[in-house]
Structures are given as C-alpha cells and as structure tokens.
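Once you've had a glance at the structure underneath, I'll fire off some questions.
Labels run A, B, C and D following the written order; every chain starts at residue 1.
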Amino acid sequence: MSTFLREPPSIRIAASVIVTATAVIVVGGGILIRVLDHSEYSNIWVGMWWALQTVTTVGYGDVTPKHAAGRFVGVVVMLEGIAFLTITTAVITSTFVARAERERAIEEGAEDAALEERLDARFDELERRFNRLESILGKADT
Amino acid sequence: MSTFLREPPSIRIAASVIVTATAVIVVGGGILIRVLDHSEYSNIWVGMWWALQTVTTVGYGDVTPKHAAGRFVGVVVMLEGIAFLTITTAVITSTFVARAERERAIEEGAEDAALEERLDARFDELERRFNRLESILGKADT
Amino acid sequence: MSTFLREPPSIRIAASVIVTATAVIVVGGGILIRVLDHSEYSNIWVGMWWALQTVTTVGYGDVTPKHAAGRFVGVVVMLEGIAFLTITTAVITSTFVARAERERAIEEGAEDAALEERLDARFDELERRFNRLESILGKADT
Amino acid sequence: MSTFLREPPSIRIAASVIVTATAVIVVGGGILIRVLDHSEYSNIWVGMWWALQTVTTVGYGDVTPKHAAGRFVGVVVMLEGIAFLTITTAVITSTFVARAERERAIEEGAEDAALEERLDARFDELERRFNRLESILGKADT
C-alpha cells in the first residue's frame, strides 16, 4: 500500500477530501431527503440508500425525490458524485502513472550514472597525460 | 487552486468548453424536452432534472422521453454526458500527473546541476594543469 | 484537433476500434433485442434507445429485457459499455498527459542545449590552451 | 497485446485482482441477493443480472433489493463497482501513458547518444593534441 502512496501531498489531500466529502454527502443527503421528501422516504436508511445510488451514478430509480426541495438535494448529490468519480479515478491513475514513471526514472538514473562514470574516466585519462607531459618536461629540464 | 492549474492552455480551454457545453445542454435539453414531450414533462424544471440525471449517467428513469423527438434529444444529452465525464476525468488526471511530474522534474534538475558542477570542476582542474605546464615551460625557456 | 492527436499509432487505433465497436453494439444490440424480446421492444428504434442508454451506463430502465436471451444481449452491451468508457477516458487522458509532457520536453531540450553549448565552450578553451602551449614550444624550439 | 502490458508488476496485479474481485462480486452478490431477498429475485440468474447492472453502474432498477439485508449487499456491490471502474480506467490509462512515454524515451535516448558521441569526439581531439605535444617535445628532446 505504502508504495502506492508516494504522491505529492496535494494529491493525497485531494483523495482524503473527496472520500470524506462523499461520506458526508451520503449521510447528510440521506438525512436531508428524508426530512424534505417525507412521503417517498420512510426512514433515513432509505434516504442513504438513495444517496449512495446517486453518488455512484447507479441510479436505480426505485426511490426518487418527487418535490422540488428533494430534487435540489438530488442535484447536489449528483454533482458531488461526479466530483467523487472523476477525482478518485484521477488519484488512482496518477498513482499508477507515477509508479511506472519511477521505474523508468531508475533506469534513466543508471544510464546517467554510466555516462558520468565514462566522462570521469576520460578526464582521468587527460590528467594522466598531463602527468606524463610534466614528467617528460621534468626530464627535458634536467 | 492556482497550483493545480499549470496545464497547457489547450487543456484549460478543453475544461472550460466542456463545463460550459454541459451547462448549456442541461438547460437547453431541459427546455427542449419540455417542448417536445409535453405530457411527460410538466414544466422545464422537470426537464432539467431529467437532463442532469442523464448527463451525469445517474438515469433514475422516473421521467423519460416517450416520443421519438424527445428520445433524440436524450441521445444528444447522453453523448454529451459521456464527453463531459471522460474529458473532466482527463483534465483532472492530467493535472495530477503534471503535478507529480513537476516534483520529479525539480529533483532531476538538482541532479543535472550537480553533474554540471562536477564537470566544471574537472574542466577547472585541466585548466590549472595547463597553467602549471606553461609555468614549467616558462622556467624551461629562461 | 490535429495537435491533440500526436499519440502512438496503437492508441489512435484503440480509439477508432472502440468507437466503431460501440456504434456496432448499439445498432446490432438494438436490432437483436427487438428480435429476441418482441413484447418489450416494439421496434428497433426502441432497441437502439435501450442499447445507447446501456452503453453510456445511463440505464433509465424504462425498457429492459425480460427474457434470458435478451438479458444475455444486455450483458454483452453493458460490458462493451464499460470498455467504451474506460478506453475513451484513457485515450483522452493520455492525449492530455502527452501534450503537457511535450511542453515540458521542449523546456528540458532547451536546458540540455544550454549545457551542451557550455561544455563545448570549455572544450574550445582547452584547445586554445593547446594552441598556446604549442606556440610556446614552437618558440622554445627555435 | 503484449506491447500494451509493459507495466510495473504491481499494476498488472491490481488489474487481475480487480477483474477477479468483480467476477466474484457479480456471482456471489447474485447468489446472496437471491437468498436474502427471495420475493424480488426469482432465481440466481436474476440476482446476477442485477449485480452486473450495479457493478457497471447501469442500474436499470427493473429489479432492486427491497429489504435492509438485500440493500446492504447492494451497497457492497456498488462500492466494488466504483473500485472496478476507477481501477480499470487507471490501469488502461497508465498503460497508454507509459506507451507514449516509451516512444519519447527512445527519442531522448537517441539525443543522449548523440551528445555522448560528440563529447567523445572532443575528448579524442584533446588526446590527439597531447600526442602531438609529446611528439613535439620528443623532437625538442633529441
């Protein structure tokens, strides 16, 4: 699990916010629809059953708000549901993409290290040539 | 919010276009279905209630078009709904991916800077060797 | 539009295949359900209306297959619908990500070019030092 | 197909787990709802028909659980359905992104190889200058 969670903090926060908001909307929407649309929703559990159907976009339609006030609650729950689905998909997708990216970054890091080592070897060779040159000149001097 | 919006302009434009188009489709589709399917939709608010259900793919089915003309409106609203969901998901996801990418780019930039500094140090060393060589030759000359 | 389409060929092919498959499924499923579930679907247009609802996951439920054969068609249409939604979202998202990536690649390319130019300048300097050394030695020789 | 599957193992595992879990939920949920909500679901095939509608978020609502126990099964099936849709979208999207990324990585690899070759050529030139310098000094020595 933890290996999946190496995302920027703002994305992790987005994930927690949307999950919390959805839970609040299901519970709150379920209670509110019971209050506002008394005849259709016999208790708050029916309200929450409807709210969860709506937030997940399943929408059986076995219980639906009949009055304007209830439908207004429905609009809010639907829109939050879209936010929930799109943000959840985005969080999981970006986690997967980041994961694949990290594996590629490791490969690239290895290539960069190989290049660096090779450049160092060539610099070392040049310095050896300087040493040789100086020793030749040293002998020439004497 | 602004930190989430560093996307190429074309993606930001896509986001505004799809949100605007969806708002237009919900209002316009709601009015049109009221006009075309008079018996099922008693007023334009019922029409918009149906249009929003359709665009979010909730689809309770408590009110649905019964005539061919109304169903044709339904087809348009459904297809726009799919465009809305897929493009919205794509915009949010690419924003999250870009954000994770930016953090990685900063790390990589630091590594590149370290390599550059190291190469510079080696070049500096070679130039010091040239100076030493020239000063040896200068002495040899005299 | 064309600026959005710089994806690997296989992704463009996936996009065309899924759109074509979905069109075929809506038309074919609509015809087949009319044939298999005669009493519920009075004509093929009702069949296609149902197939499109299903493929987009709207699912009003105003017309639904009642017999096993019709429901089997429904299963196929539903599963194709999921493939349609997920692949369409994936194609659009990867196009957006690639677009953002391309802008970043241009920036990185500029940085790489700056590094290359700087390394070249340092190599040029070393060669100038060789020239000077040779001219000193040339004078020393004479 | 195989060209689409070069993802980190954990993502491939996520794909298999979610597909298996969804199959289990559709079959298991269909059987369980038949047991718990006897009057609404005349046989397990109706139960599975309902479970598949729910998991894909189509939700016709032609058969829906009426009792608390059945609705509890419904809640589980709905939540698994959201996991199925979001994870499936994420797997396909990250596969597409990785594919586009791979093509770009090949291009970048070619650029890196060109830079490396060019740096090598410059080092070779410096070594040739050392050889010339040594041969000048060799002559000077004699």
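Throughout what follows, a contact is a pair of C-beta atoms (placed from the backbone, for glycine too) under 8 Å apart; a residue touches a chain by one contact, two chains touch by 3 or more.
Predicted model only: the values in this text are computed from it and were never measured.
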Identity of the chain that, by mean CA position, is farthest from chain C: A
Numbering shared by both copies at the chain C-chain B contact, with half separating same from different: different
Whole-Å gap separating chain A and chain C, where each centre is the average of the chain's CA atoms: 19
Separation of chain C from chain D, taking each centre as the mean of its C-alpha atoms, in whole Å: 13
Interface hub residues of chain B, defined as touching at least two other chains: 53, 57-61, 85, 89, 93, 97, 101, 119, 126, 133, 137, 140
Parts of chain D lying in touch with chain A, wherever the complex brings them together: 7-8, 10-11, 14, 53-54, 57-61, 64, 68, 71, 74-75, 78-79, 81-82, 85-87, 89-91, 93-94, 97-98, 101, 105, 109, 112, 116, 119-120, 123, 126-127, 130, 133-134, 137-138, 140-141
For the chain A and chain C complex, residues of the former touching the latter: 57, 59-61, 89, 93, 97
Residues of chain B that touch chain A when the two form their complex: 3-4, 45, 49, 52-53, 56-62, 85, 88-89, 92-93, 95-97, 99-101, 103-104, 108, 111, 115, 118-119, 122, 125-126, 129, 132-133, 136-137, 139-140
